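These are the structures in question, set out in turn.
Next, two complexes with chain A in common: one pairs it with chain B, the other with chain C.
The block that comes next holds the complex of A and B.
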């Protein structure tokens, strides 16, 4: 029974049901605040998808991700508030800015491996935070940036309302997931996974490590910039605290809860944690007392996260069923074992 | 001349503190190959334990320092037993995430008990020594001397005792150490305990001339990471020299270039050095 339910969830057609549900969500939502929270969750999910490219698929723990999120937000915020740009040109500029800065950071930092890379990016994240806080002529320092433009609706829609904005973010989220699903099936995606599974082995297969890692890094920072720009357009006020290292840790928690290196892990992880913390509002200040041990327990006992564990369980189940009634279940078995193997590779 | 001398004292003070924190970090890295992101939280817990023992219990500064060292050593050993030990065979990314989990937990716990306010610890040594116009505050002298004594004691422990020798053996060659029958669990616990003790001493020495608050570990731990990358991860002399380099760079940079950017200097230095030499300053060969 459980297996059939899970098999239904992993059917390709199911995603259209979820898209439909997401489209109808504003109708079900009890109030506008819930729509707002959902949009915010989608924005975080886009950022987590970016982290998933470099950390999940490519295996490099990037601790500057929140910093690039803030760079995207600040680029959009400063261009629209101080330099009078309208939203969409500034939006494109934010993406370009995070891509270019990501490229520069990537070229330097990806020469380092494993721990060195993680520590280096931790420092990069801190430098971004310090610059946003101290470079007052450019960033207004601790005061933050106000009067950020909302997305321009070309006279058709008004994105200052939360419902149209929700659909805008949803569109970007669906595009992001679609792009990553294409990426993960492509040769490039498999190259990233090969790098994660073993640097030296990948190199001996003729993979150019540096070029692929930098590409993964630039893709991931661009995702962070996209999420940051959307965040700035939504909240309309940003400050140096948006670059706080704690945001990066939050993103890692979302990724880990959902399932690192899986396609739907980032979405599942972000939505479940965001709504969980929403229902535990009273814990807001102390939520890390729960999240810290949660993070530890997850890596010790469920390193695959919700989605990864589900895929792994499906595969085992399919295998045991395949032994029992091989001819009948063969179609299910092969299709699931493919996803299951992927989950195992990801583990 | 006097101002210049003042900067030397400042550099040595900062360098001593950073060196002590980096020493603990580099020891743990040398043994277990874990970059312990939670080490900054141990430093912070050390400062709060001293605060608790001095202000709430009324203990003397030295007693509070010893008590804090014992408590932090226990916390460090517990983190090794409960978290890093079960993860010893996991991919390296898991250790790092688990360490972040410990960091978040300890910080949130301290913030829940003591709040996010800035606090001060008063030291019994508030005087100023005047050597013919050269001024040294007593607490700063205590920090420099204290760090020197601790490093010397650690060296003696590692070189002259059997337990210390097992730690060095395991850092040098893990498999070889197992072959001659060294108990890996015991060495790992011992190393974490030492790193906790060093962090608590550093925090207690530095707290009287600095503030105590839950996020105080962030900057210190990142600088300690910069130091052990500069000095070569796992290298004890590297941590001390690296600590002094960063301490002096900050003292002189903060004085001659800009005070508000002084925290960036260390990280800027790291970025520049790693761009030129990805393997660090004092290490031979690639990692």
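The block that comes next holds the complex of A and C.
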């Protein structure tokens, strides 16, 4: 029963059902606030997808991710409020900015391995926070950036409303997931996974470590920039606190809960935690008393995250039920005849 | 095939590999033996480009590969396996092997974005090569199993297959038979013979003496980073220096 349900969930066609549900969500939502929370969750999810590229697939724990999110938000915010740009050019500029800064940071930081890389990026994240907080001429310091432009709807839609904005974020989220699904199945994605399995092994397979790691890093910071720019266009007011390291750890929590290195882990993790914290809101500060143990239980019983554990369980179950046996048998035969031929050749 | 000239690697004041010259012939099984800490693994790392030598040269088929980075050396046709291989535990055996042929492909980010013909063709090719390699090591039947669910010996074979998928000319095997039982060791030895029969050159580090003596065409003995002997198993067995340094008083070990 459980298995059938899970099998239904992982069917390729199921994604259209979820897209349909997401499209209809504003109709079901009890109030505009719920639509707003969902949009915000989608924005975080996009950022988590970025983190999943460098940390999930490529295996490098990047603790500057929240910093790049803030850079995306600030680029868009400052260009539209101080320099009078309209939203979309500033949006593209934010993506370019995070990509370029990601490249520079990547080239330097990825010379370090494992924990050293994590510590280095932790410092990078903190430096970003300090710059946003202290460089008052550029960033307005602790006052933050106000009067950020909303996305320009070309006279067709008004993105200052929460429902149109919801659809805009949803479109970007779907694009983000689509790209990652393509990436993760491609040779490039496999190259990243090979690096996660070990630098030495990847090198022995002829993989250029630096080039691939930097590419994964730039992709991930660009995702962070995309999420940050959308965030700025949504809340319209940002401050240095948006670069707080706490946000990076939130993103990592979403990723771990959903399932690191899985395609739908970032979405599942983000949505479940955001809605859980929302529904525990009435407990105020005490919600952490519930939330903490829940997280611990999750890590103990679902070490691969919700999606990762489900997929693994399905795989094992399918094997024990012998579902995958039929095609296997035919393959064994062909391989036997092949080795037979080879043996003849050798003889 | 592979010519090593006066290879030296210093770690601080310690000579891990000291002035080693050796010539590995094509289509042979070459073995490197020596006590723990003799510099065998360092020697492999030097050939594979993981470490740069302090002095000396490494020449593969007439080309000096000493200054090359390891991914270029892999492209030149040197494959290797490690004592332990970290694989993607929750992915299938085949999925783990597809990346093996990546170094012979060109697709980049743009190909991924537009799902280009080149990418599709190359992915198909990688899949074919992975299946061939899996078939070669005799594991076609576990293609769809998860790495976490296969045996130790099957893991060893998957690691071989991964190295074979890079289409190497020379294969460096670091203790291929460590941690497998005697019967399985025979199976792995057969596999190495099969590789040589298919035109590969094999070079291995191994501690299992009976295996080495039975299968190697040529043995090099390292001790404290220096080459103390080189020759056929018969010559090595009778070499008094080797007996003293490595086989010690336990003459049964050589038998």
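As a working rule, the second predicted complex is superposed on the first by the 302 of 347 C-alpha atoms of A that agree within 3 Å, B and C clash if a C-alpha of one lies under 4 Å from a C-alpha of the other, contacts with A are read in each partner's own complex, and residues count from 1 in each chain.
Just so we're on the same page, a contact is a pair of C-beta atoms (placed from the backbone, for glycine too) under 8 Å apart; a residue touches a chain by one contact, two chains touch by 3 or more.
Values in this document were obtained by computation on a predicted structure and should not be read as measured data.
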Practice task
Scan A:131 for contacts with chain B and chain C and give back first, second, both or neither.
Solution key: first
Handout entry: Partner chain(s) touched by A:179 [first = chain B, second = chain C, both, neither]
Key = second
Exercise for the section: Please indicate which partner A:312 is in contact with in the superposed arrangement: first for chain B, second for chain C, both, or neither. Expected result: second
Practice task
State whether A:193 touches chain B only (first), chain C only (second), both chains, or neither.
Solution key: second
Practice task
Please work out whether A:157 is in contact with chain B alone, chain C alone, both, or neither, and reply first, second, both or neither.
Solution key: neither
Handout entry: Partner chain(s) touched by A:208 [first = chain B, second = chain C, both, neither]
Key = second
Practice task
Quick one: which bits of chain A touch chain C in the complex? Just the residue numbers, please.
Solution key: 179, 182-183, 186-191, 193-194, 196-198, 200-201, 203-209, 215, 219, 304, 308, 311-312, 315-316, 319, 324, 328, 331-332, 334-335, 338-339, 342, 346
Fill in the blank from the handout: Counting only contacts in the complex, chain B reaches chain A at residues 29, 33, 35, 37, 82-83, 86-87, 90, 92-94, 96-98, 100-109, 111-112, 218-219, 222, 225-226, 229, 233, 260-261, 263-264, 267-268, 270-271, 274-275, 278, 287
Handout entry: Residues of chain A that touch chain B when the two form their complex
Key = 55, 59, 61, 108-109, 111-116, 118-120, 122-124, 126-127, 130-131, 134, 245-246, 249, 252, 256, 285-289, 291-296, 299-300, 303
Handout entry: chain C to chain A touching residues, read off their complex
Key = 48, 50, 69-72, 74-75, 79-80, 82, 85-88, 90-91, 95, 98-100, 102-103, 105, 107-109, 111-113, 115, 119, 122-123, 126, 135-136, 138, 140-141, 143-146, 149, 162-163, 166, 194, 197-198
